[in-house]
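Labels A, B, C and D are assigned to the chains in the order they are written; within every chain, residues are numbered from 1.
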């Protein structure tokens, strides 16, 4: 019996393949799905079942392609009218080798959410593991705010699903959730990716609450919902996710790149915050590679060609994969020779200087006129922030940028200086000329002060 | 400036990518064309031109996919009505970076054959290299028998193309032909893949002949034309060669494999001759992996699903690639667990014992009643063969197998024992029960005798 | 936090790397240890602790090299005088990032065996997983027969270790043992590689026994101990396991290979049983690649150069790795061109024909004079065997081969026909000429009869 | 027959492997030599001869390791007392398969330089190719200034070697030199890597000169000699180049990295110039990855531990390889999490702002007080430079930095802005606070002006 976790790093997503005796099952495949076939073949196995624990909102599913390439069948919860695959209901059973999968309907995150208990029939028909999708995470639970008007109902349903279906499986059952820390789909998730029902029962803070407390807590959670979720919803429901071959960005020289910009190409710069700060193309969007999964979906348009600025072809190729997982299939190419080529062409470039937290504090103390724009979530901001800071979430800054005073010197601020660069590039797009990024931001502040910041 | 040779091993084919300053040119791309994009990207370059030196007959072109993936333009000789790409004529010039490509019409192998002279304009407009397609090879020349009724005319045209267009380029020009030793597309090709006009002028035996001698020699050449060439012709002319993703064979367990055989699946066994001889599925076709390029096209049908028997998933995956290059897109899967799984399932297997050349000679000497079936080409056979040998070319054996006496013990024989196994498996299909493969065959004979064989 | 299992396939061994926040811990590293460094670097982490759950007997440890390459410290149980690393005692605690490792002394398999409980201090100081070494396996337990005179004592110690130390951790703790199914180091191990304390408590048959029953069961277990264990013991204790670079076998042509055989080189043929049966070098040892981990250690000498026969360079390279894990560092090279080259050189080859179970049964029924040599373990043999079968375990056949009647036709038999080929090649070495391998063996028999065999 | 070029990119070095029929020859192997073994094995061949065309001065040879790993013999010119390998003399002949290597003593670059003519005896004993080492390059010739007092003699010897030995081989011979464009070992080298004797005779500007003109030209060439050449000389002569395993840099967190700096660790920052300019560790040395081969040898010490700052582990690993080729074996580790981790730790960072050529010109025009420090070679500088520019070669800037006026605002300038960043980081080390890098530099100037610069 083989078992592997396949990650979608930027999205903190985990999919799974499990199999034996020549058969395999995949749970929540990512869009670039060749990897599951490779793993299965390495174990001399054929993928026969594909399960989607729910209609995902944060990435495009690879189920359609994977089924097409392998002949496997797709299954999802019955409470949504999927245009493809087969609906399953509570208690349905599937087999693959000695593995047995039992469907558990576990609504709450969404109505049609299912979990999948897994038994090794060579030993017992009782489950040894459960794939929990977005119901229970290690240390957390799935968000329940997708239907704002039904928020309380959804939270209650999730509580019931967890307690009646999942905890009931017994302490010795291993938990395999769909997300790890950093996901937009839940709260309180641990950095650790493995757990058991027994451990979660004891140590998952949410699960130690009563039903009412649980609902209250869920209602209190603050989640952001990037606009691209809408598109994922629709495409995943219709199964319009075909990809086939993973494309590779064409190198474009500065002339070609500049001409494409003229024609409306959107420039996404996936280099590090430091490199972007050093020199970047005016009007471009900073999006350090690690942030693509979380923040590209807030800013990138679906109806424009995308041009990448990356350190090299490898990074550009990786960015293309991260983007297509979110449905961005329109990458036209990447800047050959990176920024150095652009600079050599004599074209203009912009800089966004970094500023050390010491200097920020000094300027505050000196009463200099400038604004700290804190682009973290409201929750992070509320926990602690600099005295003269204004909060504008990095995801929604475009809508609020006009609220800022013109000509004001700005310092962007976040947890580390990265999101701050995403925001800084947007400020530049809107004509702000004196913009600096507090590299290190809240982390640096904590480090240098040896304490958290006093709220102004 | 970068330059790389991309091989299609089994077909002894060489394609080329050359480029610099962000642009690249590909000559005669193979069907699984991702590799050219990878090489170009490694050099920060975009493929802008694709040349086909002629409508290939031995493999499917990757031009259509490569153009689709990169936006490059396709060019071929103007004397065939291609359904795609652009016709070019003698003297036309193309640029890519500092590279300059000059089209030379060099008919003879086919009417629309072109060669491509390459100059590095940073130094000179005179060429430093020439891509000769199937006109001149290292040590040999392209075959001229594709239009039997025009054989003499074609040979004469080839002579003129070589002497007037290619040799005229000057001794210091490097020669990059489309094939190396082992190809079906020419004669006398060297194992070495690099040469110059100067070297060929001196050492290519064919080129030291007069026009008449040359024509005479070409007319005397004996070439076989596998039936699959017909299909390559048609598809390459129409551009119906799209592939997209390279498929991977699904592992099928013995039950599934046997059921598919019942449903008409053709079984191609790509393991070594020794493994096939040790145990194989009755009715299957032996086709050791190294021979796929040369002999699959004689035997494999295009209208049946193909099931592979390979040592492991890796070998099965490689076989799929070799087959799709010849247009076999219908591989259904491969036997999971290889022959061992089949044997464990209790199903029948066949064996084809090897026989040492000593034993063959001994049996001949002892006057035992048996037949040596020599499956080499007529030319190889004529050069030397065993006393009681009958010649039936491995490619056409199916048509002649009924000429063999029933119940006759048979020993198949070739250059090494490999083609002999291809033939032996066919004899088994036709009901011959006492079939042995002379492993080592002519090579072993030469080795043990320390001399060539006296023709009986 | 990242976690990966690293397998030594042929040995059914599992090692682990776990880490986070820039630090990593490795448990029971294999000798070719570069992979741990690669995994750690992929997670921006440095390996700081290496634990050996016990002095391994079935493979050479990579701890010394891994410590040398990374600066990590090595730890093992204190009840053996290791020449390197640091002894640890029950209750000692180590940290790496938020991970906490608690040492549990769990003697029984060996005296100095330890287990390692793992806690994620970001959540709790209570463990979420335990690395159990060779104490408890999924569905089984470690063997306790290494000190025959203390067998009962060891079994009792193991029982106490399991019940008092491991089961006491609680049902929700994940179990990570050092071996999976097929290992020589335990009994009853499941094909599945993951479990929990709770699941094992319920479904591990051994753990449901009383202390006395457990001891009785352990004493009844029949284990073989390949001679190479002795060498692993000694080298692992002294830390004489340095490897450095993983060597690659040099291709040797038939002349060179034959000359080396003359000079005493031992020939190990790692091709499939079918290929070996089809043609092999007289005097060579059949050892299909999958069997190297289990059976090479019975037969291969440590004091002779080893020459490999493999299908190709890739397989030869893999065999070298499998062999060096068992301390065979003297591979001189591999036969270039595989058996085909040997055959072409005119040298002699031998064949071992396969025989179908039908034919074996028919010959038995017809009363033909021949012997079925069943080379499975005594336990397998006792469960069921063919009427005229004699049992000689494949590992110890060399010592007993002289007991066989001369000139007797022999059919080797095992579970699938693979071990039977290992044995058949040994019979050939000892001059038996009429040797056949029942390909499929017991599996085929079961399949064709639809039932198990009646003991004669 | 197979043939492959193996590049050492940063050093513009080309080594070669050529072989067939199971044997292979390597010419001028790089230090990380595993790749030659891999190529040879892919072709079922064993490396039997290793040639060094001369004692290399710009990289450490891999001959010793390669011979150790394969059993091959090493050969070099007889006019230097190598401590290993075998001296060869003009006319000596070696064989490998059908390949024949003829030694040509071709002094000039060094006294013991040899070239290697290569013939394919299957066709002719006359050569088809020649490996020219550092005598003749594509479009250029080797430098002859290593013995300043014998410069004229060396140049004359080179002329004689080229005309009497190399050109004499005939126009149709392919030229394989040891270096391509960008090497420090020659002048005028083309970007193209392939040529022929015939082409060079016609188009290599140097070769169209008379003996006297040639000597004059060579004497006029200006070459820099990085201090690390001395060390390469010595180690390559003694054969003290053993490497074994290619090491991988350990990730170090900011605390560990900072502590190591305290202990004297030298910080080499291999990120792009833009990233370095955005934020870097005070006191570190900028060395964008592409420049390591050319400029690390001017600045990096051999007697200090080296700590890398790279974008990620992959880039750090590549930098380690580039450094070990130049004998830097003391890389201690790399900064885990790159600069972002450093910033988050609250430690200080420095910035080097980029400045556009427009702004430089504007400032010059406005008569602002500042200095353009042009760090290109004297030859580049002489060809054209900005009005107020001072030339200090990037390689030797450390010795001259004290000549600069204190407190003067500085703009570093080169061909593209990259070397300018190497220099800028050195200026920072020496206390200059107002340092900017003219990103794009001379290339940008040329692009924006549409013309070359008037010398001030």
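Criterion: a contact is a pair of C-beta atoms (placed from the backbone, for glycine too) under 8 Å apart; a residue touches a chain by one contact, two chains touch by 3 or more.
What you see is a predicted model; the values in this text were computed from it and never measured.
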| item | value |
| --- | --- |
| Far-end chain from chain C, centres as C-alpha averages | D |
| Interface copy of A-D among B-C, A-C or B-D, judged by whether over half of the contact pairs recur | B-C |
| Centroid spacing, where centroids are CA-atom means, of chain B and chain C in whole angstrom | 43 |
| Interchain centroid distance [CA atoms averaged], chain B/chain D, Å | 42 |
| Whole-Å gap between the CA centroids of chain C and chain D | 48 |
| Touching two or more other chains - residue numbers and ranges from chain C | none |
| For the chain C and chain B complex, residues of the former touching the latter | 271-280, 311, 314, 338-340, 343-346, 348-349, 351, 353-354, 356-358, 416-418, 439-441, 443-448 |
| Residue ranges of chain C in contact with chain D within the complex | 22, 34, 37-38, 40-42, 44-46, 69-71, 244-245, 247-248, 250-253, 313, 317, 333, 336-337 |
| Sites on chain B touched by chain D in the complex | 1-3, 20, 98, 120, 122-124, 126, 128-129, 139, 170-174, 190-199, 201-203 |
